[in-house]
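Two complexes, one shared chain (chain A), two partners (chain B, chain C).
For the complex of A and B:
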C-alpha cells in the first residue's frame, strides 16, 4: 500500500463533500460579482503609494466579499467536519489506515486550504485586472494586508469553529456560533475605536490589535494617508504592526494546535 | 488476537464498563451478549480505538488500538447503523476504499457480488434501503480482506433471508479464510448458530464466558425438564431445593436449572417430591441451556436473582 494514497483519497473525498454542486459555483459567482461590481476605484483617487495599495486590497477583500468567503470556510470546517462527526462518518474514516491527524489535515486542506487558494486566485486576478501597477509596485504591502485580513477574522474564526465543532460534534451549531462571532467582531471593532477616542486611552486599541492585527495595520496606513480620519491616539510603528501580526498568528496557531491535539488524543466517538 | 483486561469506562457518572476482561483467540467466532446498556458497544468501541478507557489494558493484534493505522487493514467493522458519505455511488465509494487499502478496484465488484448488491452499483448510498445499507456495510468491511471482523448488531436491519445469508457468509469466511469474528447481537438464536463461544456481559463486566456447554455447566444452567400433571405444586417444592438455581413452571411441566454436577440429585429427589405434591411425573430429561436461558440468567443476576 502506498503511504500517501489513503491521505489523497480522504482529501478527494473531502473535496467532493465541501465543493459539491452548486456550492462552489454560487460562492465563486458571488465572489467574482463582489470583486468586479462592488469595488469603487474612484474613491481612492487621492491616495498614492503603500496607502493606496492597502486601501485597494482592503476594499477588494472587505465586507461583503470577506463575509462570503468566511461563510464558505465556516461551512466547510463546521458543517463538513461537523456532519461527519454528527452522522458518524468519522467512524468509517477512522477505520482507514491513516493517523487521525492526517484525516483532520485532509479535511482542513480541502475546507480551508482550497478555499484560501480560491480566495487568493480570485483576489490576485481581480487586483491584476483593476490595478496591475499596485500589485507589481507594492507586493509586500499587498502580502501584508492579505496576511492581516486573513489572520482575523478568517483563520481565527476557523480555529475557534474547529474547536467548537470537535467539542459539540454538531456542525450546524458550530456554524451559527462562527457567524455570530464574526458579526460580534465587527461590533466590537467599532466599540473599541469609540472607547479609544472617547477615553483618549490606546489600551483597548492595542488589545484589539492582538486579536485583530488588521486594526494595527489599518491605523498605520491611515496615518500614512489612507484615510482622512487619521488616528489621533495611537499609531503603531511598522515593526509593532509586524509584532501584532505575529501575535495574531500565534493565537491562530494555538487554536489549531488545540484542535489537532483534541482530535488526535481526546476525541471519542 | 484481542486481549482486554480490567477495562473500565465511564461517561460522567454513568459507568459503562467496569473491570471487563475478555480474550478472543485467532480463528474463533465469539459472541457478545447482554442486556441493553450492559457495555457491549462501549467495549467494541474501545477495541476499535474509538473510545479511550479510563482504566485497563487493550491489545488488538498485540497493539494498542487507539489511533493505530497499522491494525486497520486487518480489522473489518460492521456497525449497527452504517455510517457512510451518503451522496456517493455504491461502486464508486467502494472503489475508493479499494484504493485506500491498496486493493485492485475489481475487489469492489467481488464484495458487492458476495453481498448480493450487484444491482446497486449506480445507486447513491443514501438511496439504499436499511437492509441494503447493512449489506453495503458488510461489503465495505470485506474490501480489505480482514483477519478480524468486529460486528455490532450486524443483522439488525436485515430481513430473515438476508440474515441467513449473512450468517452463512460469516461461517464461510471463518471456514475458508479463518477469519476471526467478534459479534454482538440481541438475536440469540443467530449467535447460537455461528458462535463457538460467548461472553455474557452485564453491568459492564463479563458475567460469564466460554463455550455454550461449558457455560451451562459452569453456571448451573443445565435444564432438567420434568413433565407432570401438577406442575404448580411440584415446582414449588423443587424450588426449595438448595442445589436448584431456578424453576420455571408452565402448564405441562417444570423446567429446572440445576447447579453443575447436581443433576443426579434432582433425579433422586423428583419422585419423592412428586409424591409429596400428589403429582404424576410423565417424563424427565436433561439438556444444555439455550443461549436465551443463559442470557436470562445474566439479566436476573442484575436484579439479584440467581447470581453466582
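For the complex of A and C:
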C-alpha cells in the first residue's frame, strides 16, 4: 500500500472528528461576522502607510476573534488528540502502515492547518472588502503582522498544549492549561510595559519580544505613528523586529519538535 | 461520496460566511458625534474643513444653510494619496510650517498646481494667502483631480446629504462662495455608524449564499437518504 493512502485515511478521520457538522460552520459564521463587527476603519484617523496597515490587521484579529480562534485550535489539539489517547483510538491509528510522526502530522494538519486556512481566508477576504487599498499597497506589512500574530499566541500555545496533551494523556486538562496560558499572556503583556517604565530598563520588553514577537512589531509601528503615545523607551529597528520574529518561530519550532519526538519515541501506548 | 461530502461541507461553510455578511448588512446604522459651526465666507473665496477618516462603516450626514447660493463639495482622499500630497508640499515648500501642511494640504496642492512659481502661502503674506482661497484656484484644482469629488450638487442655499464612502477616505467639506458679496454659512455634520461596508457586504453575501446552497444541497440530500435507508 502506498504511504499516501493511510495518511489520507487518518487525515479524513481527523477532519471528521475535529469538525463534526456544524462546528466548522459555526466557527466560519463567528469569524466572518466578527471580522466586520469588531473593526472600525474610521478609528485610524491620522494614521498612514504601514502604521495604518498594522493597526487594521491588529484590530481585525484582535482579542474576541483571536480568542475564538485559539479556542478552536486548542479544542482540536488538546481535546481532539487527548480523546484519541483517552479512548484508545490512537492504538488503532498506530496499526496503520505509517510512521508515528506522519500520524501526528495528519492530526495537526486537520486541527491546525484547516483552522488556520479558515481563519486567514476569512480575514484576508474581509480586508479586501473593507480596505482593499491598504492590503494592495502594503501586502508585506499585512503579511508580517499576521505572521507575528500567528507566532504568538496561536502557534506557541498550540505547541505547548500539544506537549501537555501527550504528557498528561488528558485533553480536558491540557485545554484548561491552554486557556489559562492565553489569559496569562494577556496579563503579562500589560505587566511587561509597566516593569520597563518602572525600572527604566528595556530588558523585560526584549525578553517578552522573543516570546511574543508581535510586541516588538507593535512598538516599531507605534513609534511610526500607529499610536498617539509613541514609545519613550526601547524602539527596535526593522531588522531587529525580523530577528525577534525569527526567534519566536524558532521557539515554536522547538516546541513542535519536542512534541514530535515525544510522540515518536516516548509515548508509551 | 467523499467528493460530495467535501463539496457539501465547503458549501455549508460558504453559506455560513454569506449569512454572516447578511447579518452584518442587516444591523442598522446609528448616529454618533455631531458638530455645528457657522462662519462667513468672503466673496469669490472658499473654505475647507478636513473632518476625519470615514469608511464604508462610518459615514456622515451633512446639512448646510447659507444666506446666499453657495457651492458645496465633499472630497475624499485616500490615506495613501494624502500622505503623498503632504510629501509633495514639503518638497515644494521646504520652509513651510508643518501645521499648515497638516491642516491645509489640499488647498496647498491646488495653490501649488495653479501657481507653481509662487512663494508658499503664509498668514503674514495676505496676497498669497488670499490667492490660495480663491474660487478660481479651487475650480482648477477640482478639474485636475476630479476623482476626489464624492458629492457635487448644484449651487443652492440649503443642502442635506448622507454619505458612506466606498473606501476608507479622509473626508473634507468645501464651501465656495461664487457671488460678489460675503455669505454666512452654517454647517452641521453628524457621524453615522454602520456595522459593515453595506454595499460591498451585500454584493458578497448575494454571491456566496447561492454558491453555498448549490454546493451543500447534494450532500444534505445524500445525508437524508442515508438516514432514511438505515
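Following the convention adopted for this analysis, the second predicted complex is superposed on the first by the 269 of 269 C-alpha atoms of A that agree within 3 Å, B and C clash if a C-alpha of one lies under 4 Å from a C-alpha of the other, contacts with A are read in each partner's own complex, and residues count from 1 in each chain.
Following the convention adopted for this analysis, a residue touches a chain if its C-beta (ideal position, glycine included) is under 8 Å from a C-beta of that chain, and two chains touch if they have at least 3 such contacts.
All values reported here derive from a predicted model rather than from experimental measurement.
Of the two partner chains placed around the shared chain by superposition, chain B is the only one that A:17 touches, whereas chain C remains out of contact. When both complexes are overlaid on chain A, the residue A:118 reaches chain C alone and has no touch with chain B. In the overlay built on the shared chain, the residue A:100 is in contact with chain B alone; chain C does not reach it. When the shared chain is aligned, chain C comes close enough to touch A:49, but chain B does not.
Across the two superposed structures, the residue set of chain A contacted by chain B and also by chain C is 12. Partner chain C is touched in their complex by these residues of chain A: 12, 19, 21-22, 24-26, 28-33, 36-37, 39-42, 44-49, 52, 118, 122, 125, 129-134, 137. The residues of chain B lying in touch with chain A in their complex are 45, 48-52, 67, 69-70, 72-73, 75, 77, 79, 81, 83-88, 96-97, 99-102, 140. Of all residues in chain C, only 2, 9, 12-13, 15-17, 19-21, 23-24, 27, 52-58, 78-80, 82-83, 167-168, 170, 191, 193, 195-197, 200-201, 204 touch chain A in the complex they form. The part of chain A that touches chain B in the complex is made up of residues 1-2, 5-6, 9-10, 12-13, 16-17, 20, 87-92, 94-100, 264-266, 268-269.
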